[in-house]
Amino acid sequence: MINKVVKNAEEAIKDIHDGAVLLVGGFGLCGIPENLIAALVKKGVKNLTCISNNAGVDDFGLGLLLQTRQIKKMISSYVGENDEFERQMLSGELEVELIPQGTLATRCLMAGYGIPAFYTPAGFGTEVGEGKESRKFTFNGIEKDYLMEYAFESDFALVKAWKGDEAGNLIFRSTARNFNPLMAMAGKITIAEVEELVPAGTLHPDQIHTPGIYVHRIFQGEKYEKRIEQRTVRKRN
Amino acid sequence: MINKVVKNAEEAIKDIHDGAVLLVGGFGLCGIPENLIAALVKKGVKNLTCISNNAGVDDFGLGLLLQTRQIKKMISSYVGENDEFERQMLSGELEVELIPQGTLATRCLMAGYGIPAFYTPAGFGTEVGEGKESRKFTFNGIEKDYLMEYAFESDFALVKAWKGDEAGNLIFRSTARNFNPLMAMAGKITIAEVEELVPAGTLHPDQIHTPGIYVHRIFQGEKYEKRIEQRTVRKRN
Amino acid sequence: MLDKNGIAKRIAREVKDGMYVNLGIGIPTLVANFIPEGINVVLQSENGILGMGPFPYEGEEDADLINAGKQTVTLLPGASIFDSAMSFGMIRAQKVDLTILGAMEVSENGDIANWKIPGKMVKGMGGAMDLVASAKNIIVAMQHVNKAGESKLLPACTLPLTGVRCVKKIVTELAVLDVLPEGGFRLMERAPGVSVEQIKNATKGKLIVEGIIPEMEI
Amino acid sequence: MLDKNGIAKRIAREVKDGMYVNLGIGIPTLVANFIPEGINVVLQSENGILGMGPFPYEGEEDADLINAGKQTVTLLPGASIFDSAMSFGMIRAQKVDLTILGAMEVSENGDIANWKIPGKMVKGMGGAMDLVASAKNIIVAMQHVNKAGESKLLPACTLPLTGVRCVKKIVTELAVLDVLPEGGFRLMERAPGVSVEQIKNATKGKLIVEGIIPEMEI
């Protein structure tokens, strides 16, 4: 067993530098690395490029790093719900690249699997396809146009899991899984915060979502807020 | 919940026809669909193309379908351990295509993910690369030559899981996982046999390896032999 | 003329037993409320759910369990959870049988525009481009005309596209229309109390009216 | 001159703390027996294991738990199981630090042939082509000459290739040799009791001998 445990978020991000390219897990505010984002705010690193499906809300998630103007560029699929984001984007302070959600997810997967390029139909014939190579393939009898997309290159991946062990193995809970295992695989250096850190041998080998080989540093996070963006409920009859 | 349960192996394979292309799960004799193979022998369909990492041994696994000369072509990565296989191959009765194991696995994954083509370095500069498109990519600063490989097209996938539910969700046990979840995703029609079939709602949603959407028919298999190919042990001190 | 629930109710009739269905935000979400008893359907949410259930009872919300609209939801028996690559993988591999989504514009050859208005804040395409590029069957739920009274069924989209030649059927407050493979909106049904003339006036793209157009049953 | 265990023992010294290692069948498998205490290494088996342990105790074999050589094995604490696509994914992404495998021939530019002899029954490449095409660091464990007494370290391979320009180091019963990026086998160490002359005679490819070649410590 190779021990991946670090003390806390500050130690985990100590070598994240100005200008770093970060993959940040989560979908909306669900499954985001709360402690790592807080540590980045505290550290004050600047000119970050963040690849993350969304950009948080004004006062939570990646929105916190937008407030402090630490992000130079966002690569996302959907960035609503954030006034400061909108202001920075419209004023040109913030660079934004929008890409289809499935392409975003798959570019992470391919990085984790060492596949530099692949073909997907998403965005063909739209402005997403402009300037990209395209090619026709026939699969199962259906001919279609596909765009060639590339695996993501990045410096660090910051992910959040439910449980993790000393060997860096991760288990995610419910839809907090989302992009987290994919970004964990894609990171050149992957940092995982977990709600519960357990000794090696505690997690069942068949139930591990992300094997520890993909995780370089792990720590147990503190005071998870796990904010709900849209609290929708029904009444009991 | 969409119910995928069929009565038994015979019913599950009733429409597998002469000349069908089958993906067959398992690694060596580990995690092979024993009941489905037996049913194919009984049914007597001929001229099958089997995509499977290995070809079984003389009297077990796909070796049974070789004994009865039901297989026209094998697509595998490694085919030792089988005298009848060797005889048919050398006599030209059996067509054999050998492809790298990682390429085999990934061609299944890509079929299940609707990606018609991807790039892998395996086999570049060898006879595996002959006649294939190749291309240079630089990923994380390393330039390398890659071959373009295609997702598998097939008619049926036959897989074996440990537990499954009525909705077709599958959980694999230990290294009996191997190619099974990948072939399950890749099959146009996927048939799963399981050691234990449970009601929907019994399996934990976070622990499911193959979601039921990829499985068209499921049944509980009988009398699993689970033969061990290389029984290696150590003595207690 | 149909209200939003009416559109959803009519679309629900397109949902067949045994289908895996992805519902977009807005009217499409309402479709789930009208799927008849005995029709077994599994809802996919592209953030990683198969077998999505209704909203939780008050006090039972789980921050870790949301749908693609970021709303708290529940899971039904037989549900499974997976990562976003697998989620879009099963969409791309056409394992999801039906996608229902909203649109700003649809063209007579099936192009759809629903993510960007030049000059306005662009929030992004989310999963829409993946869904429309891959789905076997796409039904658009939308109003026939926009707030300015202009037709949203056009010869060609004026807004940036989400996908090309992909929409198969459109249900609006006025009508049900099929998009023909050779191009054109074929009028299939009129909403209760709506005349063919009204539909003609509200449709700028090529409208094909053949024979008697029945009033829709909902 | 080293026996098989000697070769394995020498290679074990190349295994550093914190490495993920894939061991091929034959001599490479023996390397696991010689990794010193205190060196934490995780063994990968390409059929889907990280954290592979020793053979099970008699009576504790599990048909569902085998390694890539189809032998019954065990798991160590911290182990994980995954499918074959992820297994080769982590290999391709160079998360596995070191691959140790056998060879029939190695050329002076690092090409390797280890899967096919024309005219003989071909069993297949298994995972070897994926491993050699992807690994950051490849050490070949083999005999210096074949049964016919011919050198296996050649100017160019005569057998069908498994991979090109990939081997970094070779350990044989006679010597440790580095394959230089510009081509050539650089002699690094002699096996106990073996002379440089013996190694020269057994090496058909370009051998580079500079300075005094130490006898290996094992």
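We call the chains A, B, C and D, going by the order they appear; numbering starts again at 1 in every chain.
FYI, contacts are C-beta pairs under 8 Å (C-beta built on N, C-alpha and C of every residue); 3 or more make two chains touch, one makes a residue touch a chain.
Predicted, not measured: the structure shown is a model, and the values here were computed from it.
Looking at which of B-C and A-C shares more C-beta pairs in contact, the answer is the pair A-C. Compared with chain A, the chain whose C-alpha mean position is the greatest distance off is D.
Chain A and chain D have centres, each the mean of its CA atoms, that are 36 Å apart.
Centres computed as Cα averages put chain A at a distance of 32 Å from chain B. Chain geometry summary: the mean Cα position of chain A and that of chain C are 28 Å apart. Across the assembly, chain C contributes residues 75, 81-82, 85, 88-89, 91-92, 134 that each touch 2 or more other chains. Looking at chain B, residues 106, 111, 113-115, 120-121, 173-174, 177, 205-206 sit in touch with two or more other chains.
Counting only pairs that meet the touch rule, the chains in contact are A-B, A-C, A-D, B-C, B-D. The part of chain B that touches chain A in the complex is made up of residues 106, 110-111, 113-121, 137-140, 146, 151, 153, 171-174, 177, 188, 205-207. Note for the complex: chain D touches chain A at residues 18, 20, 40-42, 44, 50-51, 75-82, 85-86, 88-96, 134.
Looking at the complex, you find that chain A touches chain D at residues 1-3, 111-115, 165-167, 169, 185, 199-201, 205-206, 208, 211-214. For chain C in complex with chain A, the touching residues are 45-49, 54-67, 69-73, 75, 81-85, 87-89, 91-92, 111, 121-130, 133-134, 160-164.
On the side of chain B, the complex with chain D involves touching residues 27-31, 53, 76-80, 86, 89-90, 98, 100-106, 108-109, 120-128, 162, 173-182, 209, 226-236.
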